[in-house]
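Next come the structures, one after another.
What follows is chain A paired twice: with chain B in the first complex and chain C in the second.
Take a look at the complex of A and B:
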């Protein structure tokens, strides 16, 4: 009886599912960053995968630096063909479950990335909460460059986005695949950061990042790529990008320089609240914006009085209203519904004729350590 | 027949887990695709419908205390007609058990272990369930009682964390709601899972006190849970995304990030799903085995249970893929289940009444 039971148990062991789907960490090529470009002539995709090098990552202080990642690149006409192709160049199993972010070349983004969205969403190994960047520099340069402070470029970018993320509503930076998917049928654009490489030649050797100048041959976030229905239609400068997020209730912080009494005052608007309401449904939309202000630099040559603070508030309000109006005008000129008028009850055909008014109020809540700047009489 | 006794709390848990079973992973996508932002509303009328049907089955059962649906059919319709109806129920239980098995193996195959063959999942889980069946309904109920809290908390806690992704704009989708049309298009949500609960007519004889309250509140509580999970899915994923996904709730878990540290919680949900499906499957398997035992007067459940593993696992491969399965559910499930959940119980009630009247008249003429 015991022998027969043992036999049954051993037979069942043979069916253990791990045998088919076994994944040993030592045999995985863990991809941390992926990049996709599309050759406009042939229509072929160029895929870049940065695979972590565990030996390079574990380099201790004092020892010579080793490559933390290796970039593999492949060319094919369909997204689904790359996984198989990786087996020809990678000695390890292609593993994308820990992918940090995707970089898309600007030329591919302008053609539309719906095919990539569909591929990522269908693939059980890839998650749609991957963050996306658009690159305005050649993708091969970006994908073949090491980054300072964080030796894994994927993590470097993730950290950069995390830095911004804190000021977004509920800590959500809406630059993920799933944000593009959610906005697919909406008229409000999705704005994805553009990364730029500050140099010409790729920093492709790990010793190149030993240079003290971290900006040169480094990556920076610049501007924003405007996506409507999964296709990049244009670019927004940094200030407009922030304002776009604010007016769409996604972002809560803004740093501005205003001129008060002929001098510069830098203020940081925090906890920005935006309320939109239709004064006349479909034809007149009003934005009520309120912010708490913090002075971060005051170059005025006078004492900080209550009246002076009110002047700063009034200047800030005026400046923000003017900038919001400029964004609204640009939105109408370019045909991008940056204020989301259509998605919030506006008319699809006549949204450009919708009258939009902005009313900004602010309260100076934090003034810093000094009440009066030092003056030389 | 097994001498078992289920408490009201145990029956409540069994009903809850049985209804939530595979429906919470499989239904939200189709439901949101068909009813858009009103998908959650569909579940409200579906569970109210489930409660009404539950009342019908409880009424039938109360007329024949201590008898299962198979025994009631034989008693009311006689040996041959009743035997045929019982055979239909046996087939019905085996069918649902194999569909549930397939739902589970499809889920595991698509999301967790793509290289492992479907049959391996089927046989492994059915072997465990067959063991549970042999041990009896009390063992299944006790496991369910033990796990119900463990299944509920790991589901709702991470789900609540994802509230941070909630967007009211997701409910602002241009869609004109036609209640009657939506009702017809989503009638499969009435069948799956609420009409499947007719299987509990095999379990009712084991339930002690508070049978009605336990069963109906189990349906109600499961309905509220499903309604909330659909509402959350719409609020978190949006109509556009949720309606394109096969397993939207699993995707919510997969994309959950908590302070950039806790990620990939889908494995928690996978285990959760496996346990819930295991209980539902054990219950259906038990119903099939019990029905065969009662119909053919077999004493040992093991004699029936272990061979059934092969039949159910083979039948589970009936659908070629998940798309075919979902298509069948949408097109034919309501009509098919109506036979077992409405027509036969209604016929049994009518026949029972007629026989009672006939007997009453006979007695009157005799006196």
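Take a look at the complex of A and C:
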């Protein structure tokens, strides 16, 4: 009786899964980076997949292949057809669980990427915590270029974003598919970094990254693509992008150069706290901002005193208020609700008429080692 | 005379059987019977033959030969017997039988030859700090080693003779005011129910008395350390000692007791606790590492961090076998090497380690037969296997390890989880002499954690084990 019960249990177990589900790592085409473009004329999608080459990445001596990744590109009219198409060109099983990020061409982003969001979200094997970039350079150039320091471009980009991530609230850089999904119903835009290729010709051979100049023919983050309802509506410069994240309580750090007594002072604002409150509901919104300041560089030719520090704090406060007001004005001019007024109790129709005031306070917490600068008499 | 004939009929064919007949007087003859290979002839000459032959016969000798003989030979080693079977048994134990021609006087005198090795340090349970004495093959000396440490009137040795042919002496040992009556009775019942012709080692007894023969987990702990046995007795456990082996069996035991080493009690509490946790961790490593490697590499590569996946993929690029076979080849090779190392003469042991290092190491990787990561997995597993303070438990680890590997190879993590649940269900349903094997986790006995999952300082161990009150 016991043996028969055990037999039934084991048979049921065997039905659940088994050797037929095997996917040995030797048989996988591990995709590290995907790129999507859309041909505006034909409406066809151009998909690029960068597949990692383990032998090329191995540090063991004797490995013949030098290329860390290989890029496969496919063209079809629907996202769902690419998986099947990969089987015709890749000798291994298409494996996207280790996909690091997606790059979307600017022209496709401006048309709207709702279809791509739905495609990613539909299947549990596709992860929606993938980060997205928008490319303002030709996608085929970016997807066919090797990167310095990290030879896998997917990891290169992920590392770039991780570098920023630590200053975001909860250590989350909100540029993932799931962030776009969350913001679909909201009026506050999502700002996705724009990736730019510094060159004309793709660095498509691994030898080309042997050059010492890493900026030329390399990738950089520049500006931000403003997405409203999964469609790119415009661009934000780097300063405005950071301020946008700060005012929406997502980011906590800012580096600014201010002029005090006619000299430059570089300060870093840390642990920035933002509190928004309605002075008059729907018509007057106030932002109270507080930051801890650290002096990075002080070009003043005078001794650092308490009064002087107060001057620096006051200059920073004034400068940040001015920048926030400028952002608010731009937001109203362009019709992008960058301050999230509508999503935080503002009126949908009259949010542009909402009066917004900024009040910045700051405390100098770190001044550096010397209070008196070296001077030549 | 009849009894002498009976004995000679049974044992007379043996070349070492000796039967001397002394005609002390026309009316009094004395048979002196012994087995020369197991007795000390010097003792026989000195304490039996010499006093008898040198003593003048008097009226008392003729009238009452038994009391006459008893007055001649040392009292302490002399005993009377009645039946021929009893006499044969004593002969086989190394005693000399003295039987008068009339058959009235039947005495046995112990002159057994002591062919025993001296007390030495136990090789299987070495410790840095603690006593260096280990049991030997002579049960009487083992009893002495226990008595030396435990001078209690409550220490009980119950003798049983088991094995129809070997007639092995087995001692059921316990402290009567600490051990639970029902556990002692259960031990006694099981020992008495053994029907075997031979008991050559304690493992014979273990197989007969353990609760579940088909479980990979040992349900009795074995030790050859007298200090360990005394500690177990003081905890209320029962010990079975077998003549002819230095190994004593201790029961009932729980799963977590196999992670305890006698040395835990000879060093600081914090270090002992850390060592215990290290042993738990090593146990988990040994049963899970090869299985997890197989499952992750074959079925769930998405679980690996990207850089580790690439590194493993690069290593496995030229390996011709699936991960399961790769692991199985390496593990089986290691088991063969280990088995060979155990059986081979010590002088040839070096060659085994050289071949082993080559086969399981660099050469296998260079030949592209296995990946370097697999060598690390096997090494880690092998080392973890040896962390267990109990050899029997180490064997259980190896069985589970292979079972988990097969399940992981067939069904990935799902199979491994099924295996884990099977093992857990088995562990909680297992008993050792009525004691639940997974105590104190299931059933939960928080107070017992002090000396299972942890080893709290001695002054915090205030509770004694169950103590019988009848001796109060």
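Convention: the second predicted complex is superposed on the first by the 352 of 377 C-alpha atoms of A that agree within 3 Å, B and C clash if a C-alpha of one lies under 4 Å from a C-alpha of the other, contacts with A are read in each partner's own complex, and residues count from 1 in each chain.
Operating definition for what follows: contacts are C-beta pairs under 8 Å (C-beta built on N, C-alpha and C of every residue); 3 or more make two chains touch, one makes a residue touch a chain.
The structure presented is a predicted model; accordingly, all values stated were derived computationally and were not measured.
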(message) So in the superposed three-chain picture, is A:296 touching just chain B, just chain C, both, or none of them (first/second/both/neither)?
(response) neither
(request) Classify the contacts of A:97 with the two partner chains as first (chain B alone), second (chain C alone), both, or neither. (result) both
(request) Pick one for A:25: touches chain B only (first), chain C only (second), both, or neither. (result) second
(message) For A:322, using the defined touch cut-off, is the partner it touches chain B, chain C, both, or neither? Pick first, second, both or neither.
(response) neither
(request) Determine, under the contact definition given at the top, whether A:54 touches first (chain B), second (chain C), both, or neither. (result) second
(request) Would you sort A:343 into first (chain B), second (chain C), both or neither based on which partner it touches? (result) first
(request) Could you pull out which residues of chain A sit against chain B in one structure and against chain C in the other? (result) 17, 21, 97
(request) Could you please specify the touching residues of chain A with respect to chain C in the complex? (result) 13-14, 16-19, 21-26, 28, 30, 32, 52, 54-55, 57-58, 60, 63, 95, 97-98, 100, 155
(request) Would you mind writing out the residues of chain C in touch with chain A in their complex? (result) 297-299, 301-302, 306-307, 309-317, 319, 322-323, 410-412, 414-415, 418
(request) Sort out for me which residues of chain A touch chain B in the complex. (result) 12, 15, 17, 20-21, 97, 121, 124, 127-129, 162, 170-172, 178, 181-182, 184-185, 343-344
(request) Flag every residue of chain B that touches chain A in the complex, lowest number first. (result) 110-117, 120-121, 123-124, 127, 164-165, 167, 169-170, 172, 237-238, 240-241, 244-245, 251, 254-255, 257, 260, 264
